[in-house]
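Multiple structures are listed underneath, in structure tokens.
Below, subunit A partners subunit B and then partners subunit C, in two separate complexes.
Take a look at the complex of A and B:
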């Protein structure tokens, strides 16, 4: 199953809405969609809205970790919101909460 | 480099190529050499960038594996936690059952003792019944003798004629009483025999009860020993689960440190990329400013000579 990614940048904040399943295949799509956001110097906060994410693979948490580091090196912070309980549990088990903000 | 910051060519014929197999300039002027070295720096920067990109991909892959491992470890820890809780609940139930079995065994042992005491009491009762039977036989004998005496008394009363009439009436009454006493005694003896037979039946049942309770006590004792052994094994299992949970916590710590190390390596890669950017800009600046640099060098050399 794939993932749909829509990005809305407003001032210093970029809101990224995800829908579908985040796995090894779909995370490539996410990375591609985030490249312009990471390159945008005006953006300092990236908010990933997981409300539409049904499930995710544990390995994708690693991708999100590295994404967070890349963003940090570009003076941007990454936060995750609205993840469902199963996805939230997996994120915490992968120690993702130690690297980026999860709400 | 010499004392003026100029780069000298390698000495000796064996230094025709560098470590990457690139030809070394020979007999060129500083101007060309500077071009060459700047070009080489940019080439090396490109090589480092390629290696860095591979490193970055490897780091991301490693981080992904670390996260998968972290999730597996966390789920294993959860499983161990649940196993530990289930084991402890099982241990508590087993200990409770052991306690109940021990109480049942104690009660069975007490019942066995009481049944044995009951059997002894019945034996004493049967013996008492025998004594009562002897007393009844004594009474029967007395009754028969009394009957005989009353017969003799009536004979003597008859001999006495008119004077013995009253005595004959009394002798007749004694005969009747002796007969009733004999009948009652015979009835009691008959009932006593029935009672003895019934008591013998109760005694036999008591014996069977004693045997059954003894068997139950032995079974409960065996069950108790098995439950204690089971509780010990469950306790050992719980302890092993606790140990495994501790080891998993250690694994989790290692994974967390591994993730931190990957993150730090990623940050170092970013810094490396920035340094390469700076180095590229510097090398390109050197190429752009080579004429001014050479002029300044020549002027400096002239000034020094």
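Take a look at the complex of A and C:
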């Protein structure tokens, strides 16, 4: 199962919409898609919309932590919104909230 | 939704006597903390560990049937507990600091099966704060550029956070066994013995324990002082044993089975923590952290290590993909698919010809396209013996690319239908054996009915089929994907790799696996040399995915051509056309070993028609 990623950047905010399953295979796709966003100096806030994410695996949680780390080093913040209850539960179990914002 | 990992069959083939130990519902709690199980709707304690008197100074019967606040007096603690007990809460900002009896505690909360679990542990100072630890770990993992470098850096980071004597990175192998792939020792380690490179038997991890590890739950055993019972209120209001009533899968304080306690004692370990490394709900390996003396870690340190394990898994997938040149192979796959697609026009035209031109036109087409490409073309035209492939020619490149795609030693393309055919490349079992393997899908091997990924992989075919030594030698590794829905298939093979393994203790025999010995603590960890056979190099998830995508793309070409090109008059729609009955005489096939083992059933005649 792949992940579809669409990115919309407007001013300082980049909105990234994800659709599909976030597992060890699709995390590579997500990372590649986010590279231009991380490189964009104008963007200071990255908002990941998880409404279309059906499930997420632990390795992907690790990728999000590293993403947050990279973003911080470039003075950007990362937030996750609209995650479904199952994904939200995994995020809390992984204590992702200690590393990035979950709304 | 199942990941690609769900299509991989590896692991321990035979059950073990202690596999079904009720570890999640063990009914006991480790002695250093107090567990309360609360009914969220009422806020009343349903179960409490028997050590509540010793640690919080209140008798179990004064807690059971009451609110958890009964065990606390401090106003701030009471307010924090009230917030934990607020109706409707599903997530908690762990840990919550509490005070009782003049001591500091941390409460760690979670919800499972409609019950609120409150685990109360004595507070322990960490050497570093959470932010320092997580930033250091993130930096170390991110900087690694090789898989082995990642192994070593992660083990070092585990020590940085825990300050335990010894950190082992344990990687699961085929048959469920494992090997210590990296190790880090504290400078003043009291456990100086190294297990680096040692293999451990699959039976060391009971299946029920692995099931809990698969949830990602860390196993913390800071002391080896046994366990205390979990209690609930009996009919007469008196505390009675909870028994197996409570599922403690997600609990830090879950009790320790006596076998496990003994195992660690015999290793000379006073405190240990096991952090699973999960990749798509599959336990790839473990970080096993040992300390000679009893040692406690606070919650934040454990969180950092759990997060480090997740980052490790993420980075591992990335680096394995880089080292295996998956991106190059994806491009290669695209080129091969385009070649097959482009070859179709000529082959289909040849196949559709009638009359005197038939044979010459097909021969011409085969010369032009190469029989290796033709084996994957929608309308199959096979011919061999016309000329032997020579190095550097297009057909050789295509065959070697087919192997390179999956980093395989051999490959087979099976065409179903009345004029079925097996096309072999590299080191493979013979055609009849390949057909026999194909016939096992849907019986001994899984069927390809998943709409998501239609692929199967194993590193140890002999664990799931009655393969003889000859077959195991050339095809211990099998990666198979159907093309379309008519029984056509592509298989890749990897040869058996026999490892000259050093084991930590002699692995149990088959008889011992099913004996009472499995309930006794292991006490033999001395180096024991014995080969580890019956398995190939493991397939990477990314290779399996690539194979599935390749076969799917070929199937799409066939389907598209089937809709757009008229079928040959002499065959059923879409059936392959075979010109040369000696087409199994692949020049490489003679190098491949393997005869159909007596125990492998032959394929049904209606499915795989031999032309050889």
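The criterion applied here is as follows: the second predicted complex is superposed on the first by the 103 of 103 C-alpha atoms of A that agree within 3 Å, B and C clash if a C-alpha of one lies under 4 Å from a C-alpha of the other, contacts with A are read in each partner's own complex, and residues count from 1 in each chain.
Definition applied: contacts are C-beta pairs under 8 Å (C-beta built on N, C-alpha and C of every residue); 3 or more make two chains touch, one makes a residue touch a chain.
Because the structure is predicted, anything quoted here is derived from the model rather than measured.
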| item | value |
| --- | --- |
| Combined model on subunit A: subunit C and subunit B, fit or clash | clash |
| First (subunit B), second (subunit C), both or neither touched by A:21 | second |
| Subunit C versus subunit B, contacts on subunit A by residue | C |
| First (subunit B), second (subunit C), both or neither touched by A:60 | both |
| Contacts of A:93 with subunit B and subunit C, given as first, second, both or neither | both |
| Where subunit B runs into subunit C (options 23-31, 77-85, 149-157 or 167-175) | 77-85 |
| Shared subunit A contacts, counted only where both subunit B and subunit C touch the same residue | 24, 57-63, 65-66, 69-70, 92-95, 98-99 |
| Residue ranges of subunit B in contact with subunit A within the complex | 59-68, 70-72, 74-75, 255-256, 259, 263, 266-267, 270 |
| Residues of subunit A defined as touching subunit C within the complex | 1, 21, 23-25, 27-28, 31, 54-55, 57-63, 65-66, 69-70, 88-89, 92-95, 97-99 |
| Residues of subunit A defined as touching subunit B within the complex | 24, 57-63, 65-66, 69-70, 72-73, 90, 92-96, 98-99 |
| Partner subunit A, residues of subunit C touching it in the complex | 1, 3-5, 90-94, 110, 130, 134-135, 138-139, 141-142, 216, 250, 278-281, 303, 306-307, 309-318, 321, 452-453, 541-542, 545 |
